[in-house]
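Look at the two complexes coming up: chain A is in both, with chain B in one and chain C in the other.
Entry: the complex of A and B
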């Protein structure tokens, strides 16, 4: 048995294709991107390409009238904020409501999830029609007019017009994740709480929400990472040359302005941002896990 | 008792309002794909179509190249699924069940790939795959590579629950590694592979970034195709709506047929990732 499972040849046949393929298509390009982000320009298009260290990153964050990157990062942080403080609580409320044994539980769950499986391109194009036809007509009916240049071009409304479809689309996803976690809380805990007189909001706040903390962490990291990577929806809604979010900035700098090093450093920045926030989340949630036993001890009077 | 019912009614109203908000764009898509431009823009924005113009679908199907794009999307997705499932199964088996030095390191190495967004590899990948942009391979190759980690993660979660006795028995009966893996373990992992496949299907079918960079017109996928349509049909929205419906139907049908399975696979993919 052991001999069979540690046969070198068969191991190579099973594992090597994946490792080689993965390295060639994923790892090497990533390493190359990191290397390019440290050069003045990539060797393929500039002869005098040389190592410049972190200059590209400094350039990304140098305030200048034509530098759109700081604004793009701010926009993505704003999106992350909206997602964390509005989208997630809203999903949580939906999850709590439909898991409370309300009539039509599985119908609601299935219906709310539908937007998630639809391509975000389709979703964005539908919302484009909503912004261009339905909303202006609706505003006209109640005697208002749409903002100057329309929702998608007006600088006051366009970021919100971009955020809303993506927030709308993924409410169902977060709801389902939280719903699953809520359903897996042992029913005797809930029953005990009800016997003790907790109901509705109180039950949710003191029992259910603390018990699904691990899942809340998953949702948080999803929404944060999703905010920094957000691309499809704004790309469709704002058009080809928009640089209002980091991923859009990277795309335009890469394929329209052909500044490959600068674009590579933007890409590296996105990755680092994602990693930093993941580590941060882990740190925050670990601390809470460690704190709890202490609190329990205090409560039991030891 | 009365207060309880009052609360329940408020909850129901709240849930129904969100339901309408959730389904409205879909309803809008289906109805406007059957209207003419005048109805869509002015006369009858929200109602059901007065005349059901199925010609919009014929229009989109022929003139808009939707049939070609649909075919391309189907091919890309199908081939990607075959390769992620096969490679995913083989490497998870090799990484978890066989015994060799460095298997933990190899596993961590692949799992790290999941943390990093596709953006980070975009430019070098484009250069590497540039010669292939006239073929389906230009998308299939990166799709397989980037979806392997999640496939391996999902499958390996299931593999660990299969007892070693299965393999021992097979081994005693004289099965080699390949026969054990493919005739004993593989059938037991079908649910896991299906879970992973649904996840990958939704990722690949809806992918836009790579598809817009790495395809030429002949191998363009539906997501990029319908995005172009918004420019192509500046004045005719009916056929555009038809294109949107065609792009959405496969995922919707899949979802309607097995909503439970789809939800399960997206949750598994999320929680493990």
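Entry: the complex of A and C
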């Protein structure tokens, strides 16, 4: 076995099928999408298809009355901000509370996780009923009325109406990841901290949160990438022709406007945006990790 | 003598075999792309019957049907076209949507197959939006048109006259509003149902020639005329006097129609297929009428025409059989769909035996449109790509009260740049 694994040719033979499959279904489509984004239009629908460089990307960000892409990117950044600063802290608080050994721990854990297992389309349809029937009826009861054109068509409320179900649905997901990390902290560390007088918020801030930092980074990555790719919930809630988020813009540009190259450039932008933020996140967390050994060396006097 | 007898016997044998040989066909399987996947679709049952009739008429041609939801099929069909893998025969829209595929060489021209006999059976004028550069690419199965559907029960209850003029329409809206009844409905979130209103109002103000020129981007066409402006302003007037529900912009078409089906909405402008969705009880209450006149003389013009049909993929390996299927499906769906109350026929057929069983609202539409001056495809169907998206978005903005009539005309004018 050792002899087989040390032979480069053998390794190549084992890797080859996966490599071919991966290249065929992942690498080639990505390369093709990048190539399409650099053309005036894809050859399948335009006989005069030609290379235009970054023109499509410039077009994406050129201000024009009906160019929805800059606004869509801003909306996705706003959603990312809300996810990071509201959804994740809320998930963390829930995870800390549930893992603190409260009565009915298992019930709460499952209850908060239920929205995650429901299809996003179903969740969106439930919230559609809330926005269109339940909430207006409730507002009417207390003498108020829904905003002009309803929650889902009013320019001031529609993005929040989309963000809330998405945030609500994935709170349980992040909570469960954090809960798992909190539960994996060795009990003797917690007990030692309690013996030293730490409890409640102090225990969470000084012991638990620092110890689950790798998981917080994972949640942050998922949350950011998910924000930039958000599609299903707004697609159901806002209708088929909405272009208020980058993924929606890409879809409508491709399948309604039939501008495949422009849609490809939007797709490339989304991928690059996700990559940039992932690298940025790794850099921020790596900086902290790198600082820690130095700090440890200083403390030990070496 | 023996030789002659043997020769005769051989001749008889060969002649006897000839019809048998002639009847033999090679088994062929064709793929068919279809909409009407939902059981509730008015066209589904007639299409199932059409398929059964085809199976009986052409037992050697097997059809494998891929059922889809209408919008999903449009997107799927366009994706399949990009990879040259369209089904042999398929349902498709006419106008700009068809042109997208014709322009990229995905659809087979049918001229070589269309005999004089077949052409004589197709209703006049229905091939207009299926013909490009003199070549016919699609065969219609139905003729579409938008109508004003009035719930006579509500009109009688509140003593309101079914409107024939714009002033009567405004008076009817105000009368229903005063009685606490929402006068009209529209599914704004889906955008295209709003086009049903704006298109017919614009047609009444600007007329078929001006609208056709604009939607087909003919040289010299413009939206910057007083007629277009008045048309959009008239639609705004309906919004301002409260003709639609307050949240109309956030309602989908399905949601917007619920109240009408429940008998709570007196007026609705929509396509003829809406008549097929009415329950037997509602069919007795609803009267389909022409959209009111505005005094410009375009009162007998209709939005619609033959906007749906069947076409053949340019990549089919069996073009002869695919044409047989395409023509059969279009002609028989035209007959079966009309008998079932799902649509107006696009092929000539004697329906006198079915008068008692056909949806009465559909018969009213046939009567109203039988002497129509013209039919014009809806703007979002005639226009293509970005232009079609733009007319949907701008009309949606007008519905939301975020765009004036002047801004609408100016923005639509950009399609000519």
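One rule holds in what follows: the second predicted complex is superposed on the first by the 275 of 302 C-alpha atoms of A that agree within 3 Å, B and C clash if a C-alpha of one lies under 4 Å from a C-alpha of the other, contacts with A are read in each partner's own complex, and residues count from 1 in each chain.
Convention: contacts are C-beta pairs under 8 Å (C-beta built on N, C-alpha and C of every residue); 3 or more make two chains touch, one makes a residue touch a chain.
Everything numeric here is computed off the predicted structure, so don't read it as measured data.
Asks: Considering only the touch criterion stated at the top, classify A:255 as touching first (chain B), second (chain C), both, or neither.
Replies: Both partners, chain B and chain C.
Asks: According to the stated criteria, A:155 is in contact with first (chain B), second (chain C), both, or neither; which is it?
Replies: A:155 contacts chain C only, not chain B.
Asks: Please work out whether A:136 is in contact with chain B alone, chain C alone, both, or neither, and reply first, second, both or neither.
Replies: Second partner only, chain C.
Asks: Which partner does A:44 contact after superposing on A: first (chain B), second (chain C), both, neither?
Replies: both
Asks: A:36 in the overlay: touching chain B, chain C, both, or neither? Say first, second, both or neither.
Replies: Once the two structures are laid over each other on A, A:36 reaches chain B alone.
Asks: Classify the contacts of A:264 with the two partner chains as first (chain B alone), second (chain C alone), both, or neither.
Replies: In the superposition, A:264 touches chain B alone.
Asks: Could you figure out whether chain B or chain C reaches more residues of chain A?
Replies: Of chain B and chain C, the partner in contact with more residues of chain A is B.
Asks: Per the contact definition in the header, classify A:274: touching chain B only (first), chain C only (second), both, or neither.
Replies: In the superposition, A:274 contacts chain B only.
Asks: If you stack the two complexes on chain A, which partner ends up touching A:65: first (chain B), second (chain C), both, or neither?
Replies: Second partner only, chain C.
Asks: According to the stated criteria, A:211 is in contact with first (chain B), second (chain C), both, or neither; which is it?
Replies: In the superposition, A:211 contacts neither chain B nor chain C.
Asks: Check chain A for residues that touch chain B in one structure and chain C in the other, and list them.
Replies: Common interface on chain A, chain B vs chain C: 44, 255, 260.
Asks: Given the complex with chain A, which residues does chain B contribute to the contact?
Replies: Going through chain B, the ones touching chain A are 7-8, 11-12, 14-15, 18-19, 21-23, 25-26, 28-29, 32, 40-41, 45-46, 87-88, 90-91, 93-95, 97-100, 106, 109-110, 113, 115-117, 119-125, 127-128, 141-142, 144-146, 148-149, 152, 167-168, 171-172, 176-178, 180-181, 202, 205-206, 208-209, 213, 222-223, 226-227, 230, 237, 240, 244, 247-248, 251-252, 254-255, 259, 262-263, 266-267, 270-271.
Asks: Contact residues on chain C for chain A in the complex?
Replies: Against chain A, the touching part of chain C is residues 71, 74-75, 78-79, 81-83, 100, 103-104, 188-191, 246-252, 255, 384-386, 388-390, 392-393, 396, 400-402, 411.
Asks: Inside the complex, what are the residues of chain A that reach chain B?
Replies: Residues in contact with chain B: 1-2, 4-8, 10-11, 13-15, 17-19, 21-22, 24-30, 32-33, 36, 44, 94, 97-98, 100, 102-104, 108-123, 125-130, 133-134, 137, 168, 172-173, 176-177, 180, 200, 215, 218, 222, 225, 229, 231-232, 235-236, 247, 250-251, 254-255, 260, 263-264, 267-268, 270-271, 274-275, 278.
Asks: Could you pull out which chain A residues touch chain C in their complex?
Replies: 42, 44-45, 65-66, 131-132, 136, 145-146, 148-155, 238-241, 252, 255-260
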